[in-house]
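Two complexes come next, and they have one chain in common, subunit A, joined by subunit B in the first and subunit C in the second.
And now, the complex of A and B:
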């Protein structure tokens, strides 16, 4: 049995339905990240947001990026953030005020930002084609190790420096304590 | 809808704006770092959308997005270490109580 091209009753294509689904989950969980009072819950909502972003990357035809998103963001960064949350929880529980007192100015800035971006997107002709181009992992790997070798090596040095810097900053300082 | 570049660009603009709002409005330093991660992800979505819809950028977009992910990981490491170091000195994760230079 094969899956039909479009969804039988609605007549929408599977890609559109998946796009709307992933987009709704992503925006909803991103809103939860910024609004939830309990910071551990907003950390968990962030994992959902990253997962639906991985789904969008698959829709965009780049499975290697979806895999990297799951490995790095869900597997590493989210766990790091959750550890940091648990190290910095105060005994009083979540703060009474989630937002600082001038949060309306931040909301205004965000709305203005969306309007500006929408205007730019609507006004520009990007020269885009109407179908999605699939990028193969093979081609990405060849490009990464030929044209992009210098950035690749620079990133490896940067990661080493970040690891050493992170250990140095978070290390307990016995002399001054 | 899944086949138009504009839909992806608007989506990532909305994600970026949500991240901006959270970064400006939240009081908890770790929340602010999480919002930075949201913004980085919005940028990555934009890069990949351009790569998927503009044939000349096809594989370059994936490579650039991979490098952005690695840089974001480095940034998260150092940022969280800084937050933990400040927490050890001030005993609070709330940024509006870091007012030592104002007094």
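And now, the complex of A and C:
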């Protein structure tokens, strides 16, 4: 049995419905990240946000990007963030977020920006870029090792520099006499 | 890449090997600063030779100048900027050990991350792809975040580093968002492709305008232009002084390289739309930087605001270049970058020399009586401050003169007038330090001054270049003109 092109009764295509679903979850969880008062909950909401973004990547026809999103952002970064919160929080430290003192100004700026971005994106003719392409892993790999070798290599140098810096900042100083 | 690419990227490869070698030497002789500094200085010399060698190959046509299928290009501009970056990092390495050694901070890590930052800056100078440009930018600024927090047990240093890191990351994200818009409109990440696509398009679409706004914001953060300068005073004041010298020069010249590659080269066809914005930014930046600098009593913080003001002067060159077919504005920018690098690094080195003992602040009072106590150091500081003011016969005079001339030639004398008025305001706070050095008696025990050999060599080079460029500006103007021409349409 095959899945029908459009959803029965509603008449909308699967793509559209899934897009609305993922986008709503992503925006909702992103809002929770910035509005929740408990930083651990913010971190958990961030994982949901990253996950729904991976769903959007699948819909856009880029499974490799979605897989990387899940592996890197949910698998590595979110877990690291949660670990960092747990390891650095002390009883003396503020349990609540301390930066939410100008939320109304930030909210106003965010709303204005959303309006501007929406208007601009809608008003522009995006031409060839707006055509949906199915990007295969094979094609991505070919680009990475032909046209984009240099940025790829430069990123590895960047990571080396970051590792050296990170170790320097994090390592405990030897006790001197 | 193929083997024919190798001569083109040889300077970059050399720079990376130097960084790795410094870390390697530190593993063999842990905690000893001399071997690390020796490797760093010799290595930087080799990098400079490699840059000149590559330049010769490209000029004589033995190599194409393009590597990685058009993602990286060596032209006179890249060579010029690369040599400036090497000079900046070499001087910063010379100025570091005295200050760091007194505070038990490791020199090897300092030198290694500086060389990493340099390789990022060199990659920016030669990038002909937006993606390379962005990764190179990150490679340049990431070591800066670390260096700002290098004194990790000092609360001020950590505070400055966190502010620098957070705002730097936001601005990088904003810049990347802008790059995504440019890619979305033109469908390519190659800089020549972007320029061609924009040249054939009619007018500025809303998305392009938004993309340019995001790019301007991102670059203005990196340049520390008003109103995106809020991180600067805290990051500069908190950082270890030799690092402050580097941060005020290295990433700034790197950001100038971004403006050259991104705005002048990629967005050149739509320059009428972004130049007025830069003109406004330039005037705002120099005026606010100077006015706030006047009220500072801490010399490091004062020099931080002064560096904001110098960003404003440099932006004038960008704001006028296209109205003048000879590209005089870009020549002025490139000349200014070199003059500014030597005089500003020199000024910070004198501040660092005064902070021999940990805990000595950089308040104006520290300078009281310095001219009589340490005649040579006082004289050098006076020279650097006169050059920063723009008084002949120093490098700073010709730098300002070229900027003002380019503004007048491009039919924007009002911008030149703004520079002149600002230079007068700036003279007040620069010369106040001189007054303190020669006409005030020190309160209490004067601060000890460090006399390390490396510091002396570095100060001598910075002072010699400041005077030499002031007396014989011809060769540098020629080099800057050649470099600027490689950006202009033939």
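Here is the rule we go by: the second predicted complex is superposed on the first by the 159 of 177 C-alpha atoms of A that agree within 3 Å, B and C clash if a C-alpha of one lies under 4 Å from a C-alpha of the other, contacts with A are read in each partner's own complex, and residues count from 1 in each chain.
The criterion applied here is as follows: a residue touches a chain if its C-beta (ideal position, glycine included) is under 8 Å from a C-beta of that chain, and two chains touch if they have at least 3 such contacts.
Computed from a predicted model, the values in this text were never measured in an experiment.
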item: Fit or clash - subunit C, subunit B, common subunit A; value: fit
item: Which of subunit B and subunit C A:158 touches, first, second, both or neither; value: both
item: More subunit A residues in contact - subunit B or subunit C; value: B
item: First (subunit B), second (subunit C), both or neither touched by A:86; value: neither
item: Touching partner for A:7 - first (subunit B), second (subunit C), both, neither; value: neither
item: Which superposed partner A:125 touches (first subunit B, second subunit C, both, neither); value: second
item: Touching partner for A:146 - first (subunit B), second (subunit C), both, neither; value: second
item: Touched partner set for A:76, first subunit B, second subunit C, both or neither; value: first
item: Partner chain(s) touched by A:21 [first = subunit B, second = subunit C, both, neither]; value: neither
item: First, second, both or neither for A:117, with subunit B first and subunit C second; value: both
item: Touched partner set for A:59, first subunit B, second subunit C, both or neither; value: first
item: Subunit B and subunit C, minimum CA distance [Å, superposed model]; value: 5
item: Subunit B and subunit C footprints on subunit A, overlapping residues; value: 117, 121, 126-129, 148, 151, 155, 158, 161-162, 165, 168-169
item: Subunit B to subunit A touching residues, read off their complex; value: 1-11, 13-22, 24-31, 33-35, 37-38, 41, 44-45, 48-55, 58-63, 65-67, 69-78, 80-85, 87-88, 91-94, 96
item: Contact footprint of subunit A on subunit C as seen in their complex; value: 1, 16, 19, 23, 67-69, 71-72, 104, 106, 109, 112-113, 116-117, 119-120, 123, 129, 131-132, 134-136, 138-139, 142-143, 145-146, 149, 152, 183-185, 187, 205-210
item: Residues of subunit A that touch subunit B when the two form their complex; value: 13, 15-16, 18-20, 23, 26-27, 30-31, 33-34, 39, 42-43, 46, 49-50, 53, 56-57, 59-62, 64-65, 68-69, 72-73, 76-77, 80-81, 84-85, 87-88, 90, 95, 97-100, 103, 105-107, 109-111, 113-114, 117-118, 121-122, 126-133, 135-136, 139-140, 143-144, 148, 151-152, 155, 158-159, 161-163, 165-170, 172
item: In the complex, subunit A residues that touch subunit C; value: 116-117, 119-121, 123-129, 146-151, 154-155, 157-158, 160-162, 164-165, 168-169, 176
